[in-house]
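Per-chain numbering from 1; labels A, B, C, D, E, F, G and H assigned in written order.
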């Protein structure tokens, strides 16, 4: 029973098409159901959608394909939306065994299966990235946010070294309700974008770069120390995390 | 001419109480006005309120009291709201010379003067902090968010070592539209809070701690690596930044 | 002659079934025996069991399979318990040549052979881990602690993002004599667990995560800076070290 | 109602001197009492003694003397033992206003007031330190452990550069139930000590040193990477944390 | 005998106003003169102007005022230009004793005395800084470059958060022969500037900021990882070094 | 229309061979042309040559061979010079499909195609490297600078451990207009070279070394902290960046 | 002409078997010979043996096998001793082509060829290592020091966790003229050894360990911060450097 | 009884002026004497001179003046040489109370009292430093080495930016038996010096510098990664440690 199920049920009570006693029984039954399923190696958080608006998402690193498929099977079996991030091809093969309708997004390295009724976000989430090398992370954000019910506007390769590529799109950027900015190297793009808009900016540093980029640390520090206002930062290469935050905001 | 002025003017046009030609003249005059004032040592960004909803804020470190007072004088003279962060007592003395009505918030180390018409945020911003030592940063966030037009709910000293102090307040936390979580040491509080709410969580690490806390780095890393969803992070001790982000979201 | 041998011998003396002179001869002979065996590339510490309650353990990285097998052969030949940690399959092949009864624990990456009389720990050691990706480390701890004579209770995937999965097990956690908590990412779980129990908590950070987790540094710092009391920390991914410490405590 | 009160009450029930119904009323009343007191800037965790065997301890950095005195006043008023760590003289002046019987330990920088019935630990906790410069931290550990009911044996200035100063005390070290080793600079002492004893070793790195000691980081890393078994580590300069862990173990 | 002296002498030879033999004597005498003066605690490099175009400069940290004055006295006595950087007021007092005509630049923390014939640079060096807090460093660069014979154009407080303050000055920036960009916090300004000009950009990170700015490391890394071309970087807060590099280029 | 085209056109106007009106039309047409081409995954900055004197360069890491070939195709199609850095053999295969005349420089790991009229630099750029292991980076610098129109003098394996190898070449070094110094390990070479010349020195740290060289950090820090004047630094292994900076200077 | 050649020649002059004029001619010829050979990619320092007592050594990382063989060929051709460190099997194949008599030491990863007359060191160099995993580095030191004319005593696997393995060898250790101590993990062994001997101790940290050993940083810091006297440190895993230093001392 | 006493006693036996039995009694008495004195807060290592050739030295940081005076009193009372490093004026006042003849070296921040018969080192120790700001550390080394019986040659301010100041002194440098090189900033001087001499070079990094010198880390890394042979390194600012190592070598 997710939020949407609960709202429908209470609407039926209000409408008089469902008796309060029957509704009470249904809610109690859902509550009695364990809020997680214990697989031994994993405790699938079955109440997360109720609590946070989207079911548990599977991070595809550090787990075997079999473990991922087993967790996915439980989520899919409950009729919930499935998202596996950082998934290689072998994980997709395993997941397809339990969820044949799932899609693999190669650029984003993500597996998705849209199920259930996912509420739509209110406005557009614009995803800007600084360079072509940031695409993996930007696409992880895009695939995540789309599955969570948001409309996405992609604006790629607008790094500050040729700032006219960005400035020419000011109207487009200013019409977004939330902005995600993905950048590696010096990570300067979020500062410039945040100076142009009223929308909250979620900055996602990437590990793109070499030498003193230290696997994304330079970009991360740049974003944390931004002189612009209205920026908050997520982990290096965490396109998923940026999109989740943006989606929560866009659903307010 | 801030957003609110502009909206009133256009409403007058719609209402027929102002001629389009006159309105056009007024807008053009505002546009002709330089978008910044050049003081030599500073270029005050006079269009920031129009662009981002709140006038330029003065970071009170690295500048002399005289420089801060000069910048403050320009902002106050334009009828805009004044906020000076990280201000010591001597800065307040200097600012009072140009803005006698300004208030000094000692715990928050901030100077404020509410001026102009600041739009109200839609819901409540809850500010939670892990310990009493985090109060400086939490109060900087609170003072900032209040000046930006938000209703604040303070929930202090609810660190995870005695988690019942937090869990007993679940309803209060869940009724916030945005949550700011301020924590030093291991910085675990945002992860626990984010697991309980649908609201976006802005995590503010503090430099509270010693030894291997490395001036807030431990807390910062903890927050960036949170296993919970819907968290984004700002700089160490940046209560102002957390509040600005939260306010932008709360005004959506 | 390990502690248990020594206790039996002295018990025989007390019981009158062994003459003090004969006992004295046996002890002197054991003392004359070299306290280590010199293999040139290794000096096997044959007195470690007497001194510390468990024979020398072989760390399986940085040594060739042949070197490991040679050391293992000496330990096994003395009738002592064998433990090789961080062992790949090729090491197991080599060790099996000298210890055919040895077992390979794939998830834990450990080789064990229980031999001799290992004293039992007094209570239960509970091993909690935050996520499925932490299993390698948690199982290394479990296999180690079991070989050292302890009863283990496994509680896996109880990370703080869905804290109800942990809180529902409070009784189980509180009934342990020692608790090992294994966690990567932000490493917040030990703080929450330590706030719930009187038992000492051994925190084991793992290298699970990416980006700013810096190979487990974020989790390590989180644990070192815990605001909860009764936590001590071992090296990143050191399930073996956590279990050894817990076992020493559990044998008090 | 702390653990000791609860045990007495249940003993009375067993002994027949208290009616079950009356006992039940008393327990229920204690449960109804809030598990914390909310002072606005602090939520004093009044159930911590029940949960963890010792009341909340006040870390004396980052708080004003007035805040510390207010918290101390609540703890003392409940008849619980008081411990303030990292306390300067001005904090002591403030605390003395609310707890005139409190003692200031200058070397340990701690304020204590023994109250209530604190259970005794079973064996001796030996505290070894490497050099005279480590005394602040060693004494913080000693004062803490003594207040928590433990017998302490101090063994100071036994660093590895003159290892005979340590080896001559082997019997004394081996007779301890738990060992705390405090060391700065290279932090090698815990490795040597742990190689000599069966007791668990709690290693406390200190910030003693200069240059590449990086404020205790060198010692911390040395201890985390110890080649000896049975060592766990706490934060740099955290004598209090080491003592708390040791005391929990010594009370098992 | 500096470069300018040498050129005059050779010009006289060419012009026939000086006999080759006499010129040869003068050059040989200069060559016989020791290329440094040994003060015991310092070896003043008297040939540096000949080799590098500007005499030795005194870094005013880590030396006593007396040592600085003694070195300054030797430089001034040779008729060379004097520059002391990072000089506090007490250093100026000492230097004034040996060089009464020297000037103290408080904002730049520098002492200068123009002497001898310093060749003029060919174009203008533009010095841009991101914020008012960067002024100390920007002024150190300005004072240095002016003393070295360059025309300076100051453009202060043009940080990327209000990028219109910078873009409005494009013509001014593009007319410079060399650009020095001084910035703290995220250090993004050099990337944006370098994208707009053909001139080489010398980036000077400053320690302005707090928290994760790590004393200028964030800005330094941002500049080293710039996605723009034509940027090279000097040490944190090294306005002097940036100006020296710019001056060498401007004299080509 | 690059700078050279523009200059020719204006020369024709001056010469009277082109009517001002016709020239105006041509310039306006070029201005109407988009200053970038949007490929979706990339926005090729077609005005960069006009703005900065050399067309956009493709960094060959983090992009697929197909993406690189597509971008290269646009650049080559416009008649501009092509440079792809950090290119593996498979990238070269893909690029050859769209630019059959392109050359692969294996030691430099770069692809080049000289096209259009590239202005010549004024003097010689000397490239010195400390050891044979630095050749990849030194050659990347050499290939880049040559394509940008500069004359190169290579001076390899002149590290400071045998400083006579360097000192014997003083005349050669001093005759360069700009010097690039490439060095790994302790990165001392730029300091010694800068002490010998008047030319600006661009220091390029390399990741050559092991252990505490930390992937080039030791060399980078050495260069940033140089006690010599006239040094500026680029990112670790950034031969391209060093050459671009040197070329800009050499074209002044 | 190395030192030994020079000494023989001068002895012949003293003995009257060589005319001063003839000797002078021979020395002059050697001096006229270039002090290095320029291979383009390398400048072989042919005077290093004369200056430092041992010819140039080839570091086998970052160079191609062909480059290494070409340099080796020059050294061997001059009759000097050859040492290639960090050499893989393919490098040995290439070197064998130019120096068929060269030997490959697999454990030490070194290629050697003893040629010429290498003076003997005066005493014994003892090489101690903490564990079997440190053997690669210890053997690199041993092979280097032997080729440089020293007598070696190997004492392996004497880490501080079982300190009796070390203490039993005190006489052996104290009879060495120089001691090299190789250790990873916490790097405590040099401190203990230096406390027992008068001989200078060269400490070589290794990258043995995992997690917070950070590739040898923990051991390096431990050694730099040693509380014992008479220790100096070389780079992580630099067995060659430790042996060179020890050999220089042993030849005094 | 130090080494010198022991040698005299045995010489008397050899000479027949002392009966073996009497000698034996004297040695046995010395051996019965405790090898350390226990002051509670310190265990003074009274056998260190016998073991290592020089009595225990007192590091003057982290101890109170009273503690230092108490330890000094024991050393002086035994007729041994006294050395207190890092001593401020107040420590000197306290030490003078127990050792009126002690001298304070202000530049070196050291207290010395020469007592007993200290054996002379064989050759000269040359101490070179890069700049005037390194004098504190260079003098600490000089004072230490002189007290330990060595002849010192000081060569100050010979940094690599003006390398002729160093090269002109090659004969002087090459005539030293051991060389100590003290340098901050990029720490390049040891590499250049080691390339010129056969003597072992002890490199002492200093914290001189700012910004990315990171308190001496840049210099430390430069020295650890030196491309020259025959260098070993001690802790940042550890002039004492460098001198101790050099003295041990010079006494071989």
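Annotations for the structure displayed:
The rule is short, and it goes like this: a contact is a pair of C-beta atoms (placed from the backbone, for glycine too) under 8 Å apart; a residue touches a chain by one contact, two chains touch by 3 or more.
In this text, all values refer to a predicted model and were calculated from it rather than measured experimentally.
Pairs D-G and A-B differ in how many C-beta pairs touch across them, and the larger number is found at D-G. Centre-to-centre spacing of subunit B and subunit D amounts to 39 Å, using the average Cα coordinate of each chain.
Separation between the centroids of subunit B and subunit C, computed from CA atoms only, is 50 Å. Separating the centre of subunit B from that of subunit F, both taken as means of CA atoms, is a distance of 44 Å. With centres set at the average Cα position, the gap from subunit D to subunit E is 56 Å.
Shared contact sites, meaning residues of subunit E that touch two or more other chains, fall at 131, 161-162, 195-196, 211-213, 217, 220, 224-225, 229, 235-236. Of all possible chain pairs, those that touch are A-B, A-C, A-E, A-F, B-C, B-D, B-E, C-D, C-G, D-G, D-H, E-F, E-H, F-G, F-H, G-H. Contact residues on subunit F toward subunit A in their complex (touch as defined above): 35-36, 40-43, 45, 47-48, 56, 59, 61-63, 67, 71, 86, 205, 207, 215-217, 220, 235-238.
By the touch criterion stated above, subunit A contacts subunit E in their complex at residues 130-131, 159-163, 185-188, 191-192, 194-196, 209, 211-214, 217-219, 221-229. Put simply, subunit C touches subunit D in their complex at residues 51-54, 57, 177, 195-200, 202, 220, 224-225, 229-236, 241-242, 244-245, 248-249, 252.
Of all residues in subunit E, those touching subunit B in their complex are 131-135, 156-158, 161-162, 164-165, 184, 208, 210-213.
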